[in-house]
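Supplied in C-alpha cells, the structure appears directly below.
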Amino acid sequence: MRIVVTNCNTTRAMTEEIVRGARDAASPGTTVTGLTPAWGPESAEGWLDSYLSAAAVLDGLRTYEEPYDAVVMAGFGEHGREGARELLDVPVVDITEAAAHLACLLGRRYGVVTTLDRARGQIEDSLHAAGIAQHCAAVVGTGLGVLELGDEERTTRAFLAAAERARDAGAEVLVLGCAGMTGLQRAVGEKLGMPVVDGVAAAVRLAESLVGLGLTTSRVGGYAKPLPKARTWGTGPGGPPPSE
Amino acid sequence: MRIVVTNCNTTRAMTEEIVRGARDAASPGTTVTGLTPAWGPESAEGWLDSYLSAAAVLDGLRTYEEPYDAVVMAGFGEHGREGARELLDVPVVDITEAAAHLACLLGRRYGVVTTLDRARGQIEDSLHAAGIAQHCAAVVGTGLGVLELGDEERTTRAFLAAAERARDAGAEVLVLGCAGMTGLQRAVGEKLGMPVVDGVAAAVRLAESLVGLGLTTSRVGGYAKPLPKARTWGTGPGGPPPSE
Amino acid sequence: MRIVVTNCNTTRAMTEEIVRGARDAASPGTTVTGLTPAWGPESAEGWLDSYLSAAAVLDGLRTYEEPYDAVVMAGFGEHGREGARELLDVPVVDITEAAAHLACLLGRRYGVVTTLDRARGQIEDSLHAAGIAQHCAAVVGTGLGVLELGDEERTTRAFLAAAERARDAGAEVLVLGCAGMTGLQRAVGEKLGMPVVDGVAAAVRLAESLVGLGLTTSRVGGYAKPLPKARTWGTGPGGPPPSE
Amino acid sequence: MRIVVTNCNTTRAMTEEIVRGARDAASPGTTVTGLTPAWGPESAEGWLDSYLSAAAVLDGLRTYEEPYDAVVMAGFGEHGREGARELLDVPVVDITEAAAHLACLLGRRYGVVTTLDRARGQIEDSLHAAGIAQHCAAVVGTGLGVLELGDEERTTRAFLAAAERARDAGAEVLVLGCAGMTGLQRAVGEKLGMPVVDGVAAAVRLAESLVGLGLTTSRVGGYAKPLPKARTWGTGPGGPPPSE
Amino acid sequence: MRIVVTNCNTTRAMTEEIVRGARDAASPGTTVTGLTPAWGPESAEGWLDSYLSAAAVLDGLRTYEEPYDAVVMAGFGEHGREGARELLDVPVVDITEAAAHLACLLGRRYGVVTTLDRARGQIEDSLHAAGIAQHCAAVVGTGLGVLELGDEERTTRAFLAAAERARDAGAEVLVLGCAGMTGLQRAVGEKLGMPVVDGVAAAVRLAESLVGLGLTTSRVGGYAKPLPKARTWGTGPGGPPPSE
Amino acid sequence: MRIVVTNCNTTRAMTEEIVRGARDAASPGTTVTGLTPAWGPESAEGWLDSYLSAAAVLDGLRTYEEPYDAVVMAGFGEHGREGARELLDVPVVDITEAAAHLACLLGRRYGVVTTLDRARGQIEDSLHAAGIAQHCAAVVGTGLGVLELGDEERTTRAFLAAAERARDAGAEVLVLGCAGMTGLQRAVGEKLGMPVVDGVAAAVRLAESLVGLGLTTSRVGGYAKPLPKARTWGTGPGGPPPSE
C-alpha cells in the first residue's frame, strides 16, 4: 500500500520528520512518500497561512503523478481536507480528525495540545467540521511556534505544562496538536500516565484501514467530483496584480 | 495480534458469522476468536435485552482466560462498552462507534440502517455517548428482527428501501446497523453507489490500529480500574429470588 | 398506592436506608417496599458495576410477584431505567432524572454532588439520555465511596466542599448524587442556603404523580414490550464458562 | 395545601375550566383557587399577548392577599414564570414545563399539540429556557384559536390530525399545548394509544410534590428577590401617554 | 430616517442618555426620538422588572402616534422584542442582539459585561432566542446596579475587572451589557486593547441598514400581526384587584 | 467611505454585477470598488474551488494598494474570511454571515437558497463558524450552477421552487445563497411575501456600520496579525512541481 503524506508547509526538513513519523506508524507493506508543496508558507500558523497552505497542498496533489492508494494530510487544524476528498478517488485522512477519532476510543474526553494559542480556533472549527468535536475538553497552546519545536527538552516541558491544563479541563487522553510534534508521544506519554495520540500515526493507520476495507470517499452529495472548468493556480512571482 | 470478538447474544451461529466477517476484515497476522456469552438473550432487541447482554458479555470477558491483545464488541447499539474498558487492560472497540468513526472519514453525513425501529433509541444514545453522533443524519429501521436476517434477498431489499430514507435525510455514507448484517456491504454498496461500512470490519481495523500504535484505554478519570469488592454474576436457574 | 424501590446493589442495609428516605417523602396512603437484587455488586461505583447492577435489578423486577403501582429505581447514574420501562406496565422513575426534573423547577442551573469522581461520566450520560442535562452546571465528586457515606459528619463536610465548587460553576440548586445520601438534604440545605433535592424523595413524588394522573410508559417506539424469546439470567456459581 | 392557578387571560370562563381541570388532578387535601388577571388580553395568542399577559398575571400575584402554598401558571408557552419565581416565596410551576417534565418520564421523545401555528416559537423558547426542550420532537399547531376550543368534536378531530404529525416526527408521548385543552387527554389518549399529558394536571402534581418535600425556589443567582424600587403597573384607561 | 429608541424603564434621565448615545451613532440624516414608558419599573433589574417593562414598552409603542421608520429597543436583556415585531410594520432591533451581531464580525468569541449578576440569565436567554448565543464566551456582572452607573470612574474600574474575566473565558470582543453604559466604549476600549460594542449604537446602525435595504419583519410564521381582540393595559392606581 | 468588494472567482462580468449590487445597497458617500482575483477558479462550486478561491482572494487583498476602509467578501459559503481578518486592519464582512445576521432580525428562522446542492455543506460550515447557524432552518439548492444564473426567468422559477422547500422547513426569511443572485431579491420577494436578504447588500451595510462606529477586528486571540515569514503565492504557469 502506498500512502502520500502531505506537509502543509514548504519546509522540507519538516516533511522529512513527518515522513519518519508516518513510517514508524505504518504497517509492514505500506510505503510512505512525503509531498512538500511547491509554494505556500514556510510554516502554517494562523488562518492566512492555512488558506494559502490549503491551495498549495491541493495544487501539489492535483499535479502529483505517481500512483498511490491514500493521502494523509499532515497539517494539524489546517484547511484543505474536503477539497482533497473532492479531487481524489482514494481515501483522504487528515491528522486532526484522525487523532480525535482514535482518542475517542481511549477515554471519555480528549484534549489537544498545540503550538500557538492562535491555532486554537482553527483546530476547534476543524474538529467540528469533521464531526468529532463533541468530546474535546480543551485545545491548549504551548506558546511555541511550529519551527521552534526542534528543542525537544523545551518542547517536552511546554507540552507537559499545557497537558496539565487540558487534564484539569477534563481530558483523559491527549492529542499532539501539530505534525511537527510527531514522535513526542513516547517522551510525554509515560510522564503523564495518559495515552497520547499522534495525528500522523493515527492518520496512517486509518488510511490503511480504509484502503484495506475497500472504502473510499462518497461521491453522493458533499464530495462530488470537481466540475470541469478553468482554474489557475497562482501567478508566480512577477504575475499580474488583481484587477479592480 | 489476537482479537477477541464478543457476540452480544447466546446464538452461536451468529457468533460464527461475526467471526467470519471479522476474519475477512483482519490484516494478515491477526487471529480472531469469537466469544459467545454463557447466558443472556438469544438476540438483543431492545433495552431489556441490551442490559442483560451487557452483564453477560462482561461476565464472559472477566472469566475468559486465553491471552489476547484487543476486544471487539459486536453488538450494534448494545450496552457494555465502557464496562469492558474499565475491566480490561487492552483496547476495546465497539462496532457502533467503529462504523461511525470510519463513516465520518468518507462523507459529511452518515446514516445507520438497523433491524427493528425499537433499536433506534439505543443506537442514538450509543453514538452520542461515544462522541460521534454529530454527523449522523438518520437511524432507520428495516423492520427485520436480528434472527430474520438470514434470508439475504429479503434483507437486501429491506436494506435498500431503508437506505433510500437515510439518503433523503442527508446520509452520504451508510452503516450496517447490526452485527448480523456483516458481509452485506458488498451486496448493497454497489447497488447504492455509496460507501457502506460494516461495524465488525471497522472495529477489527481500529483495534489493530490501537494495538499497532501501542495505545490503550486511559485510566485517568472515567475508565479507572474497577474497585475490588464483592460481586455476584447471576444466581443461575433455581437461585434465590430478590429479597424485599 | 404501592411503590417498589429498587436498590442498585446487594447491600441490604442500604436498601433499608433508601426505603426510610422514600417513606419520609411519600404521601399519606402510599406504601413503599424495598427490593434488594439477589445478585450484583455490593455497591455500584463505575461502569462495570453499573451494567452488572442493571441486569440484576431487572432480574429482580421480572421475578417480583407482589402487586405494585410504580417503580422507583434508586441507583444514581446507574443503568437499567429504559429496560424497566420496557418490562413493566407501571410507571418507572429513576432517581437521577427525578432529582434533575425537580431541580429545574427551583433554579436556572443545578449541580450534582456525588461520591467518587469516576461516577461523573455515568451521571452526565444518564441525564442526557433522560433529556434533562441542559441545565446541569456541574457534576462534582466528594471523593467518598458509596459505602463510606455512613460517617455523617465527614459526609457533610465533603458535601459542603463539593457544593461550593458546583455553585462556582453556576449551580443554584443542588442534587444529592447518590441514593445513600438520602436524608442529607436537611443537614446541608440550611448550611448552604440553597435548595437540595434528594433523588429518592423526588422519584417517589413523581411516581405518585404519574399514578395519580393515570399516566404510564408509552408503548409507541422506544419502550415497546420486550419480544418473547429465550433469555437466561446468569449461570450462578459453578456455571459454565463462556464458549469461544 | 392551597394552590393558586393563574389564567393567562381575562376570560373567566376559561379560568373556571382550568380550575376544574386542576381540581380533577389534585390530591385529596389540596384546594385550588383560580386567579383571573384584572387586565390583559382576552386570550393569549402570540408574543404581544404573551408579554401583556405576563405583566398582568404578575400584577395579579403581587396584589393577591389570600395565603397559599404554591402557584401554577396556566398559560401554555406564555411568559412570566421567572418573574413569579422572583416575586414569591412559594414554588411556582408553569404548565409548559410541567407537561414536558412528566412527558420525559413516559417516552423517549414528546410532541406538543397546540392551538395556532404562531404559538410554536414561544413554546419552543419556553421549553428551552426551562431546560426541558432536548426531547421535544415537534410542536404542532391545530389551527384552532384559544377561544375556539369549546367545540369538543372539532377540537378532538384537529388534535388527532396534529398528533399524527407529531408522531411521525418521533413523538412517543403527547402534551396538550394549551390550558384550554385541559380534560381533552381522556378523549384523545385512548384513540391515539399514547399517553397524553395535560399541563394543568402535571403542574398541580409537581407543585404538590415541591410543597410536600419542603422545596422552594432558590434565591441564589437568577431568582433573587426583586429589589425594592418604584414600579407602576399600567396607567389604566385615560392614563397619560408615554413621554418622548 | 426617523428612529424611535425605547428606554425600558421610567427614568427619563436615562432615556436622555440613551438618546445621546443613539444620536452619536446615527448616520447623517437620521433623527432619533426617545420614548420613556408611562409606567413600569424605574430600572429593569431582574425578571419581574423585565416582564413589567416589556408590557409598558409595548403599551408605549402601540399608543405612539408620530411617524417613524424603525424602533430600537434599548433594554439590554429585557423582554418585549418579539411583541414589538408583531405589533409594528417597521423593523425592530433590540440592543442585546444588535451588539452580539456586530461583535461576531469582529472576533471569534465575544463577552458581555453587564450590571448585576442576576441579569446574566436573562441575557443568556435573550441571546439564545435571537439565535446569536453560539459565540458568547461569557456574561459577567460588574456588581453595579443600573442607576449606579453614573459614577464614571467607578463604573470604568468595575468594567475593566469584569472584562478581564470575560477575556479569560475566551472573549476577543466585549459588549456593553446595559443601555446605561452607552458611551463607555470609548473610555474602556483603548485601555483593554479590544473592540467594545455598544448595543445602542449597534442597534441604530442595524436599524438604518434594514430601512435602507427596504427590509422589514416577516409576517410568515412567528411574527404574524396580532389578532384583533379585547386587551386592557393595566388598571392604573386604584384599579380593581384580580378576581379569583 | 471606500469599500472593496472581492469576487471569489476570476469572471469579471460577475465582479461587475456584484459591484452593481453593492452600489445599489451602499449609503450616499460610500464608494465601491470591485476586486477580481488574478487567479483561481472561473466560478466557485465546491470545496476545491473554495480553497483555491480563498488563497487567490487573499493574494489579491495583500497586493492591493489603493486605500480603503472595509472589505466585503462576496463569495457565498466560500473560505478565506478569517484570513482576511488577520491580514487587514480594516473590518472584513463576508456575505454569508452578513445575510444571516440581518435575516435573524427579521424572523425566527431563515433559509438559504443557493446554486448547486453540493454547496450546502460549505454554507452550513461557514454559518456555523460565524456563530450564526442556530436559526438556519434549511439550505436548499436550485440546481443551477453559478454561471447559469444569467437567465433571470429560469433563475426566478428555480428560486421560487427552492424557497417553497425552505419555507416548509420553517424559514420565515430567505437569503440569496450566491453573490451572482444579487438583485434577485426584488423579483422574488414580492412573489413570496417574505423578506429576501441579499448578502452583498447586507455586507455593504454592515461594513459601513462597523466603519461608522469605529470598530475593527480584534487582535486578541484568533485574528492576531500574521507572523512575518516566507510565503509564496503560487508558482504560476510553468512553475516547479511539488517535491516529494
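Going by the order they are written in, the chains are A, B, C, D, E and F; count residues from 1 in each one.
The rule is simple: contacts are C-beta pairs under 8 Å (C-beta built on N, C-alpha and C of every residue); 3 or more make two chains touch, one makes a residue touch a chain.
Just so it is clear, the model here is predicted, and its values are computed rather than measured.
Visitor: Determine the shortest chain-contact distance, in steps, between chain B and chain D.
Guide: 2
Visitor: Hey, which chain ends up farthest from chain E, C-alpha centres compared?
Guide: B
Visitor: Averaging each chain's C-alpha atoms to get its centre, pick out the one most distant from chain C.
Guide: It is F.
Visitor: Counting C-beta pairs in contact, which chain pair has more, A-F or A-B?
Guide: More C-beta contacts join the chains of A-F.
Visitor: Which is it for copies chain B and chain C: same residues on both faces, with over half shared, or different residues?
Guide: same
Visitor: Whole-Å distance, chain C centre to chain D centre, using C-alpha means?
Guide: 29
Visitor: From the C-alpha centre of chain A to that of chain D, how far is it in Å?
Guide: Measuring from centre to centre gives 52 Å for this pair.
Visitor: Any idea how many Å lie between the Cα centroids of chain B and chain F?
Guide: The separation of the two C-alpha centroids amounts to 44 Å.
Visitor: Identify all positions of chain D at which a residue touches two or more other chains, and write them in rising order.
Guide: Within chain D, residues 108, 121, 128, 221-223 contact more than one other chain.
Visitor: Would you mind writing out the residues of chain E in touch with chain F in their complex?
Guide: 25, 27, 91-93, 97, 101-102, 104-109, 128, 130-135, 167, 170, 172-173, 193-195, 197-198, 201-202, 205-206, 208-210, 212-213, 215-223
Visitor: If you look only at chain C, which of its residues touch chain B in the complex?
Guide: 10, 12, 33-43, 45-52, 54-56, 58-60, 63-64, 66, 79-80, 82-83, 85-87, 117-118, 120-122, 125, 128-129, 145, 221-224, 226-227, 229-244
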